[in-house]
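Letters A, B, C and D mark the chains in the order given here, with residues in each chain numbered from 1 onward.
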Amino acid sequence: MLTVYHYLGLSAILFALGTYGVLTRRNAIVIFMCIELMLNAVNLTFISLSSYLNNLDGQIFVFFVMSVAAAEAAVGLALMIAFFRNKESVEVEDFNLLKW
Amino acid sequence: MELLFFYLVALVAILSAFMVVKCKNPVNSAISLVMTFFCLAILYVMLYAPFMAAVQVLVYAGAIMVLILFVIMLLNLGPEMMERFQHGVVGGAIVAGIVMIQAVMFVNRGEMAGISGDVTRDQVLEVGHMELIGMKLFTEFMLPFQIAGILLLIAIVGALVLAKKEV
Amino acid sequence: MTDHLLSLMTFFPILGMVLLLFIPRDNHGLLKSFTLVVTLVTFVISLPLAFDDVFKTSAAFHYTEFARWISVGDYFQMNYNIGVDGISLWLVLLTTFIMPVTVLSTWKAVDKNVKGFMALMLLLETAMLGAFISLDLFLFYIFWELMLIPMYFMIGIWGGKNRIYAAVKFFIYTAVGSLLMLVAIIYVYYLSLQSGVAFENGFSILHFYRLDIPLDLQIWLFLAFAFSFAIKVPMFPVHTWLPDAHTEAPTAGSVILAAILLKMGTYGYLRFAMPLFPDATFKFIPFLSVLAVIGIIYGALVAMMQDDVKKLVAYSSVSHLGFVMLGLFALNLQGFAGGMIQMINHGISTGALFLIVGFIYERRHTRLIADFGGLAKQMPVFATIFMIVTFSSIGLPGTNGFVGEFLILMGAFESDLRWFAVIATTGVIFAAVYMLWMFQRVMFGELKNPANQKLQDLNAREVALMMPLLLFVFWIGLYPNTFFEKMNPALENMVQQIKGRQMAQVEVVDTLAHHDALLK
Amino acid sequence: MYDKLWLIPFFPLLGSIINGLLGKKIKNETIIGGIGTLAIFSSFIVSVLCFMELRLDTVKSHQQVIASWMSVGNLQIEWGFLLDPLSAVMLLVVTGVGSLIHLYSIGYMHGEEGFYRYFSYLNLFAFSMLMLVLGNNAMVMFVGWEGVGLCSYLLIGYYFHKQSAGDAAKKAFVVNRIGDFGFLLGIFLLFWTLGSEHGIWTLNFVEIAQHGHLLGAGSVVVTIITLCFFLGATGKSAQIPLYTWLPDAMEGPTPVSALIHAATMVTAGVYMIGRMNGLFAMAPDTMLVIAIVGAATAIFAASIGLAQNDIKRVLAYSTVSQLGYMFLAMGVGAFTAGIFHLMTHAFFKACLFLGSGSVIHAMHHALHKAHAHDDPQDMRNMGGLRKHMPITFLTFLISTIAIAGLPGLSGFFSKDEILLWSLAGNRGHWLLWLVASLAAGMTAFYMFRLVFMTFFGKERIAEKAKSYLHESPLVITIPLIVLAVLAVFGGYLNVPAVLGGAHRLETFLSPVFGAAQQAYGIEPPHMSHAAEYGLMGLAVGIALVGIGLAYLMYVKNPEMPAQLVAKAQGLYRAIFNKWYVDEIYDALFVNPTKKAGTFLWKGFDVVVVDGIVNGVGYIVKGFSGALRLTQSGLVHNYALAMVVGVIVMVAYYVFG
């Protein structure tokens, strides 16, 4: 029998994979994609619980998460371009001006 | 049958997600991510949320991923950048593992205490998912909805300003 | 109209500020005149308060307004709860009165980013008025913090050479105190909920006044309030922000700082710290009175040796406010009335002194006493005005300073602070020493410095802005009853409130002791 | 007429305001001076009318309340005036002498820069002095008290471009403030004690006189109260230890010295004691202190006066000395004698100052014309002036005889009365008498030394200036003549019974002083007529010895002073340098205070308080300097920190 726990488990795995990516990758765009992955893992949790509880609120929330993700993508990628223009690189090690 | 199908889709999703993390070439990562998104869309359908699945495909797989791909292409990241594409693998794996274990334990120990609603799966099929979402979005969540619109507008303006040549 | 007089008065400057934003930034004349008009209108709006005879007989709050404002669930509520009584009345009027004068003084002094300066001035006026009329502690706190911001920028942007240091010092000093106060405010609210006051009343001080807080708690809460207000007053030894802030601030900033912001501290003691925690007040009065008296003498001695006129005036403020604090700690009508009138006096006299320093600074771009000398010959009108203000600051009978100091000392003498009063009276001598010595070095002697020989005497605008201040110097000096008759009922009530509570407390303790004895 | 009392201070105030505000526009010296003089003269007329009415009236105390001043709880203070014999006498002296000096000033200040300013201040002074005299409560008196201090400050500093004038003005005000400190404490203590212990919250003089006895004769509190008030009096009336400002105050224009620093303001202390005689009579200890201080001041100041060369300084020390006499009188309970001497002193000392002013005026004029730079006030530059200035000389001589106490002139009667009381009054003591008599001898000596050096002998003025010396104009000499006449006849107001007089002043003042004197056992001296005659003779003898010595040293044998000085170098230098009192005060009080101020500022404020404040800042800075190293700028580190944080938080919920 397919239960909500299956979905939650999958969500956990995807979230962990996203975390792993964020922590290990050097390319900012890939990190960005990993963040999207994490967001999607969370979305999956929302929708599965929403379906399980017969309550649409969770799905509405996903909707907003998506709009935030979209906004984030637009601004984040624009930042990436601006950064690349200055540094000829998108590696996060080069994003180190903001330090002591 | 349903369970089997779930496992299949889940396997694909996990594998493609792993590809996202592990591919040297960002383009490959992006394509893998699209795959993950599709898998999730399938799962949404299984969860009786067809509209969300559609939006998932449209927004994520469509809009966002295309944008990312465009940027990758635009920046034309050469292979020399992929030499050392990752670092701290072991540490990252450990931390991510802890996160996963914790999440699983959290789910196991926790109780379902959410507020149950009255939107049954039959109703979804009967009335239509889109209509239900729409009803909720334009009545109860009207204000957040508008704010989301403003957020997107600001994001557009922000992106324009940031990406302009001379800032 | 009168129902919302206070709100109108308080928020009119903000309205003006918003309109000000539409004036082109280069049109300095228009910006200044507009601000002047806004402050003048605010003053006119506040005038009905001065002529309202209700304060002569009633100690209660009038012109009250109430509106629910921020509520979180059923455990947090703060209200827009305002009103004036005989105590805040005069401070409100002092504020609305000083502001036009101050704006007028900026005519030539400020030419950098005039728009920003004027906007800050108006914002500051709203904040100050709001703080004086708040009957909700939380509302008070909001206005209290709001005052900090414009002042910080005024010092930091338009200040002198060392302005950043002064501004940061001012800000941090004050912020440290006010954060402690915030914690105490929240705790008092918690206590009021505990004791069954309905949460809808919010942080209403009228309800807080009736709380019966145990002494050990009172002590901590009082300390938090007292520390915060002591910094603002400023009392020795937390006064060192004042000389720096005053010296670096632009003239208008100094005037407002001296005339009104410092009064927040003393007003805070009178309105909040003492009546809210009367038992603790009694416990700490000896200690605080020592600080007040040290402040009087210390401020005077340090002022005496200053070589910068503005710094001298700043230290004299420490001395004068020591007097105010001593009056408040006397806990009787004379002391309170003296303290109140001295608050107004200090606003007028020291405000005028800062304006005067501003006048010569504008002309010579120096404030060092050594750079002057013999100005009386070159600037007779200035000399006359300066002299009147000097003597008002010294406390010559017939001018305002005397009435305040006399009543304060009289009040202190009639209370348990007799010896403090005796020591404080020597401050009267030192005041003459430092003020007259400064006056002599600046105004008397030969006109040696060639740069001083071409000094212009005051122009019509400058005389005009000093005139209202001089009027009040003599008014308060000769017929202070105008002010006393309206503040006395409220002050008397306040004395009763603080002292009455104390007596009740003693009674309870006594009966308990009696009870114990019976049991044995 | 009693309801017109307010007019008396009002006229000078009006004059002051008119001259102060419009004087610069008027410019015409005659009009400005006229306004000023007219103002005070109008007050004089009103005073005379009030006096006449009071003299015939059976009720001797009249109050007029103008308005309430401060009313705070039990403290109710009014702007009110009190007319009784004491204030009536003072009024006549102040307005009368004041009018003459105003008139004189028109001539003396002719051509000075800021002529209008001078008259404005002078009128303001008259106003304050009249408030002091007329005030019906201690507070209004205090207004006048400080007001005259202010005017004294303004007028001493009239030549403000001179450093010494500014210093002297400041010194006068500050020293007076020390006295005011005592006055204020006295007010507080009196008000509080009467109020809290006896329920009479008042500062009104009449009520104080009425209820003062409640404090208890000889009690500690009344002693302290009166001592506080007396401290105020020492400041204003230049007694030890606060006399040092008065000689310096001679930096002001000479008419100012005459009005403020001889005739009126400095006698305020005496008047104040007279006003509160009921309280003082109750405190014999205080009275003793007053008598001792008075006698000590009298001889101390006289000794300094012996060796001064500046004509005005001699007069200044003479004033201090004479004020000492008045305090001695008050101290031994001879209130009437004190007031009597106050009055006669006002006449002859004003005349002396104005005379010296006339001399200085002439000297200054002559030296100026001759382009000589000698000091016009130094008596060593004068000599033989009697030929050039006969009227000045004559009036000056009359006043000198009066102050020396030769029989027939006013000073004789008043001084004699004081000496009599100090020897034979029941609060007197023969030591006081001895000191006072010695001081009288010294007075005679230095006053005649002054006369001889100035008007007799050879003319020591620069040769070329001699021809410019001439008598002063009428506007100056008329006041001199009037004052000289008063100096002669003023004494006949209070001729003692032994000389066939009727003590008329004493009778007139008895409603004020009589009650207290009776109640607290202050008895007039009882002596046989023979003894009284003997005493008078002794006093006259002492004076004559002084005069003779002066004649011997400065007319007969002008080399003698130099020889004497050579013999007693140390003593002379000490006297010449005023016993180094100023230097001692500087070392004891002024410099330590300055040092304390500097230390508190640079040592405490900047180092300790700001050190702590800045120290906290540095500590925070140090910590943050260490902590900010964690801000590596590497995104991965931040991400890791975030994840670890999330792990910990979740762990808290899952396992906690």
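The definition used in the following text is that a contact is a pair of C-beta atoms (placed from the backbone, for glycine too) under 8 Å apart; a residue touches a chain by one contact, two chains touch by 3 or more.
Remember, it's a predicted structure, so these values are computed and weren't measured experimentally.
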Interface with more contacting C-beta pairs, comparing B-D to A-D: A-D
Central chain (distance from its CA mean to the mean of all protein CA atoms): C
Centre-to-centre distance between chain C and chain B (centres being mean Cα positions), rounded to whole Å: 59
For chain B paired with chain D, centre-to-centre distance based on mean C-alpha positions, whole Å: 96
Chain A and chain D, separation of their C-alpha mean positions in angstrom: 91
Interchain centroid distance [CA atoms averaged], chain A/chain B, Å: 7
Per-residue multi-chain contacts in chain B, two or more chains: 87-88, 91, 95, 99, 103
Interface hub residues of chain D, defined as touching at least two other chains: 636, 640, 643
Touching two or more other chains - residue numbers and ranges from chain A: 19, 23
Chains that touch, pairwise: A-B, A-D, B-D, C-D
Residues of chain B defined as touching chain A within the complex: 2-3, 6, 10, 13-14, 17-18, 20-21, 26, 29-30, 33, 36-37, 40, 43-44, 46-49, 51-52, 55-56, 59-60, 63-64, 67-68, 71-72, 74-75, 77, 81, 84-89, 91-93, 95-97, 99-100, 103-104, 107, 112, 114-121, 132-133, 136-137, 141, 144, 148, 151-152, 154-156, 158-163, 165, 167
Chain C - residues contacting chain D, complex: 169, 172-173, 237-241, 243, 298, 301-306, 332-334, 337-338, 374, 376-377, 380, 391, 396-398, 402-403, 406-407, 409-410, 413-414, 421-422, 425-426, 428-429, 432-433, 436-437, 440, 443-447, 478-481, 484-485, 488, 492
Chain C-touching residues of chain D, taken from the complex the two chains share: 24, 67-73, 75, 139, 142-143, 145-147, 150, 153, 157, 160-163, 165-167, 169-170, 173-174, 177-178, 180-181, 184-185, 188-189, 191-192, 195-196, 593-594, 596-598, 600-601, 605, 609-610, 613, 617
Residues of chain A that touch chain B when the two form their complex: 1-2, 5-21, 23-27, 29-30, 32-34, 36-37, 40, 43-44, 47-57, 59-60, 62-64, 66-75, 77-82, 84-85, 89-91
For the chain A and chain D complex, residues of the former touching the latter: 19, 22-23, 28, 31, 92-93, 95-100
